[in-house]
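This is the structure I have questions about; it appears just below.
Order of writing sets the chain letters: A, B, C and D. Residues in each chain are counted from 1.
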């Protein structure tokens, strides 16, 4: 499938506040190829693609498109050069309808609304994406948003389309449509750059693969010459001594006391008559696709969200019915919810590491702490940064400046300092580098060993398999199946999650 | 007795309109509009001449002046900013109008133009600072508020005597200030014109889309290629210009440059904007909201003043109404979608008499048998969801698939399979026209045409909007089955206009006549709706007289006949009703009768539930969708019937082992080909005694 | 790498220093101890109001009703004394009114979830209306007998320093202590920094929001006491003025971002000093009032523009709805 | 024509009266006044609307209370439209009044122009306009109020006199720059100062009718010029601040503070007594109210039409000083009773 080069980058460097996000990267994209781009978080994949899409401009280096030098300064300029991008962080306008979003940026001067919606429906359906065109985007689930996003890039008839983690929220069925779509694009001579976390996807779909590490490109080669091990080696720069996942559990922890019972919980539209139990001293894994109502269920448990007012169901914590309308009483009752989106509701970015942790302590144990003690703050911070191996220059550093893994550890420490009885980890290793994943997993295991009731919500099956003693599978707002870790297989779980 | 009442209630009370109305986007503005109506009502009751033409005209004058500024502010708020300097801009442009007119003695048009340019220029300063230099809107316009105001103060010190000395008396100027056309004040006419344009601008025009997009998500808009900086700057320019228009009319009405002109105006305008429902932060808002907000604030303040209320009382009343309205509005916006999801599904009363028996041994035309157990299977496991099957003159077999493909199995053995065309959506009904073009109903898309060489072309995706429906029913959501008349009319059914394609079972739960028959004229390319209010119309087949069609109503469990021309034109007649199952496609049989597929059998439970709309409403409200009671689509059968509605024979695969479900069948050269939407195969059944040369199209139109 | 990076706070400080030096060098009579004191004294009430606003802005809110809180409860105090009530009872009533007002504000914003700008706009209007309609007979509430001793809040001096300055200093110290040394202060910063995270962490966010508005209202009331004592009357019509804009300017210009969590008392002080210096210098130069405003506006605008050049925002970092 | 009509009517009435006098004299004691019935009829049921700048200030409350006292016993409807400092609302109030057609509108102008056009229209429509204290650019049936030029002149003369033998440095604390009342007073001030070249104006600032601002300005001026001998203030409500600054500087009695106002007990006399003000020129609101009422009675009973007459009635200014501070003022609370 190799054609001539359509886009090249040579010695591309982009500095953010003096720190290189990518450094001297060389990259070529051929006409009509699917090019996989893989690397750890922070390896510079997103920056590299944003350079191509005109969202950020290079600090130094040369980019050519169709042989002539090009440095698009805005996405609009990139569009004119034939580059379109599907962003990882959603780039749809939440207050506009699906139809409007689809045509945004290439609308006519006068847009007949009915015409827009009909055309949008035709286009979406022709890709087999079931998204009603008149819906406001803000009310859609993650998967549907992603579909609109993908459809929009295709609609732009670009020569080069960049997909940043396009499949994270899609069901296998939708993934299939998406893969067909990408192959179809290739057939039409479109070049596709494809960032993926799931290496298997990159291996099956891509013609060539480029691996980035620490902002430099490590290797570019035909996909056929790669296997999983080689990619991982290139990504982390060494053989992973311990394989993270794939170890079958041979023994599971015994269930302790029943800590949490959820009965017929309802929260429109995400949670529908959900019932489940969680036990002490055990890790309960909750698997489900994005939008299966897992996060919402446990957010209701922790009081972050409110259940339906009428017929909302019951939550029983330690044999007592509870209903938390805000998280504070939940925290006091011993629940810790560790968010999947730490930027939005995880940490305080202007505060230091130690102060973040100290705030957790203040929130749970306010008594006797009317006046702040800098010393206590420092001590608590020091203790927990050491305990969780948070790597930073000092614990006075600000959390925003840390890597994803260390940020996540701070968020966890902030909750663990509250000595919770029930810890809910929502996607604990999302956006976390490989090394830190291991440490976080160890930490979760240790918690369960110490007798805490632990819930791990994840949409990454291997993670669920590696951690859980008991696996709950959630679909369409309720738990539909329960497995013991010993009997579960990936196929069984996936089947339960989809059908 | 009770059931009669229920039937009447559900027959005549339009339950479904509530959900449909609520899901209209303009109901977001419901609370402010209701508040406005209440305020208007109360005032008209307490103030004698509140509704007198002169008073209304006076109110309209003032409301329009502030309305212009409200529009400007709305624009700026929608783009994600705020403009606190409108009051000062108002004062300065008011000064500009009077200065050019009274002191420089410019003609009225020149003065008006100068005023608007002046406003635009002041707005441009804001726009440049906020759009291009990326200052924060709040602090920037706060500072320009001070700067513009002090500039105004300095100017009037110098010129106010000169301005006050002159009383300009031009007819055009007086018309701006106090004129009217048919009793409607000039300024109100101007405002209406600008507001209507503004509405079109925001919802239809490119810049309006861009502004909404920037307000909704600045980064997304940027990534979509919207010129963010320029649009932001231009919004402030427009705000300035609109403020200037308001000031122009104000100047013409009162001719004053008094010191406190426009002081605190930004508060009034912002209050009105927020009260109308335009949220600070951007992305949401409309012209109506702005107008409603301005009207509420003005009516309250003026009304209370007229009622002899002192300033303090006036303030208290205004503040209380604002707060109450805001609190309710916030609740409303927060729960609106939730309410819609609760009330949208509106089941209705649907009575069916007990079905004729089907069990073995009970006799009757529907008695179950195993005749279909013997079918040959085509494409087993290689095809998904072949709802309809069709054969061309060359005996090739076509079927749709769930992935939006039309698949062709090549004659004679149907082993070789190819993708004939890819369309997308879900291909449902199919029919060939005289020229061997394949017309296909695509669920979710509409009516498509595939030429014999495989080129895909859209036939129609839109029908006429009916005036009585709340939902926009011009978009085709679920085109289902079709047939083509000798005159080139394509009649196709659309199963429901209330639900999207993937939600079609809910329509069965609702059991309301939401479907319709649509006619597409291949000669003119025009589409119109022929029949509406049908209970999930499905199969369509042109009857033997060529002047009528037979169509099946799936959840009506009936087959009806409709004359589209001839002496009985427009008439509808029931051919069969109270079928034991849910009818699907209808097709011609070689002996001149018709084949009908029953996609599933009725169950007593659902029959009962259909008579209990209240029960189904509660179910829809309290249970998750996957636990609702739906019509079961499983084992079905094929029956042959004649135009008098008599069942001639029935074919069953009772156990459903070989060909579990049947949605369509097509007779061709002595065989019956069977399709099923949940199947992964196509069935082929040898018909004993059928005409072995029968080809549907040859029969109707002769050999090509 | 080590580029000079000035924050807005430092820019305003620089502008302030430059202005101050220029006035001190070229304006006779500016840099005298007496004038320095009158400079401070003139902006003391503004500064105290700035502290109240700062507490709210730090928690991502804004309080437009501060001027009503400044005018009405102290006005009530004066009116009650005029009507023959005891000073103590009057002060208590005024404080209670102020407390209730703060609670209403906080409740509307924290529990009814009305945006703070809109809520305080309306409640301010309401309180002003209440004052006008049923509390005061005329809108300038005069000093009367029975207020003896109370004027010490705003008049006279201690060790040569006029009391308003001392009141401002005390307020600064109290607010700084509250914000930096107490748990509730830490909560406010946390809420301003990331309200969602604060909520999930278990901080009682809504009571804290109420606390913010209560404190703002009480501090506003205190500023009103100082002001009334200082001019021997309470011109409640001050509600109609644009003083609130000056208060917001002091706070935002000083470097407390409207998006919350950043800044502190020192920023209010810087902002207050800048405005004070400007006004004082121009009064000495006998610049007319409108001219003063024009110059003030232009200087402030230049400061903000400089900030945007030194700390540019782009579409990538710009927050949504950060107006 | 009108006059002859009136005379005719009068003659007829007289003749009639003469005819019945004998009987009347026989039956009822006393003498029936011939015009009072016509007067009563001309006034009863007529509406008078009052549009102040805002209520809750001593001036407007005084006018309101005074007018109410005078007019309501005559069976007149007395209405209030309170724009509460909002010029636009005031204009709207006047506009809607024009369509409601009261007999008289008593208006307190916020400035010289805003209502001018509306007044013109109103008088054309047959409504009398009486303006209070601030005249607009349109001359209407009547204006009752202070002569601002004269206020400025008299204040200045007092200050100049007080400055004799002292530093001759004075300060002017103006109202709002854009307000005509303020501008007229300033002209009056300079009319006098033109005759006294020895006087030096060290500061002339506008305090926006705001006591706090007035205090700040005065404070700064006093710091720069501790030997100041007088301050000319434009309104007592604002000059409370001026006086407070003087007091704080310990210069009470040394700096002569002159101001003007409505002459309410608390706002004027009490402050003069306490030494805050040395002179407060009062335009005596209750008298003004009475004059307005008299004007209304005259206009309505005279049979003149709006636009026929245009007159002025400048208020006599009362010099409130320590000497007469006990009795020169009026009390709002008394007037309201």
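To be clear about the criterion, contacts are C-beta pairs under 8 Å (C-beta built on N, C-alpha and C of every residue); 3 or more make two chains touch, one makes a residue touch a chain.
Fair warning: this is a prediction, and the values are worked out from it, not measured in the lab.
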Common touching chains of subunit C and subunit B: A, D
Closest chain to global C-alpha mean, per-chain Cα centroids: B
Chain pair, A-C or B-D, that carries the greater number of C-beta contacts: B-D
Longest centre-to-centre distance from subunit A, chain (CA-based): D
For subunit A paired with subunit D, centre-to-centre distance based on mean C-alpha positions, whole Å: 73
Intercentroid distance (Cα basis), subunit C paired with subunit A, Å: 43
Interchain centroid distance [CA atoms averaged], subunit B/subunit D, Å: 63
Intercentroid distance (Cα basis), subunit B paired with subunit A, Å: 33
Where subunit D touches two or more other chains, by residue: 54-56, 84-85, 177
Set of subunit B residues in contact with two or more other chains: 153, 157, 217, 219, 222, 263-264, 310-312, 314-315
Multi-partner residues of subunit A (at least 2 other chains): 55
Complete list of chain pairs which touch one another: A-B, A-C, B-C, B-D, C-D
Subunit C residues within the subunit B interface of the complex: 108, 112-115, 117-119, 121-123, 125-126, 128-134, 240, 242, 245, 248-249, 252-253, 258, 289-294, 296-298, 300-301, 304-305, 308-309, 312-316, 318, 320-323
Residue ranges of subunit B touching subunit D (in the complex, touch as defined): 49, 52, 54-55, 58, 61-62, 153, 156-157, 160, 163-165, 167, 177, 250, 253-261, 263-265, 301-302, 305-306, 308-312, 314-315
Contact footprint of subunit D on subunit C as seen in their complex: 29, 32, 34-35, 38-39, 41-42, 45, 82, 132, 136-140, 142, 144, 155-156, 162, 227, 230-233, 235, 237-238, 240-241, 279-280, 283-284, 286, 288-290
Subunit C-touching residues of subunit A, taken from the complex the two chains share: 18, 55-56, 302, 304, 326-328, 330-332, 337, 339, 344-351, 359-360, 362-364, 366, 369-372, 414-415, 418
Residue ranges of subunit B touching subunit A (in the complex, touch as defined): 25, 203-206, 209, 212-213, 215-217, 219-227, 283-284, 337-338, 341-342, 403-404, 423-425, 442, 444-446, 458, 461-462, 465, 472, 474-475, 500-502, 622-627
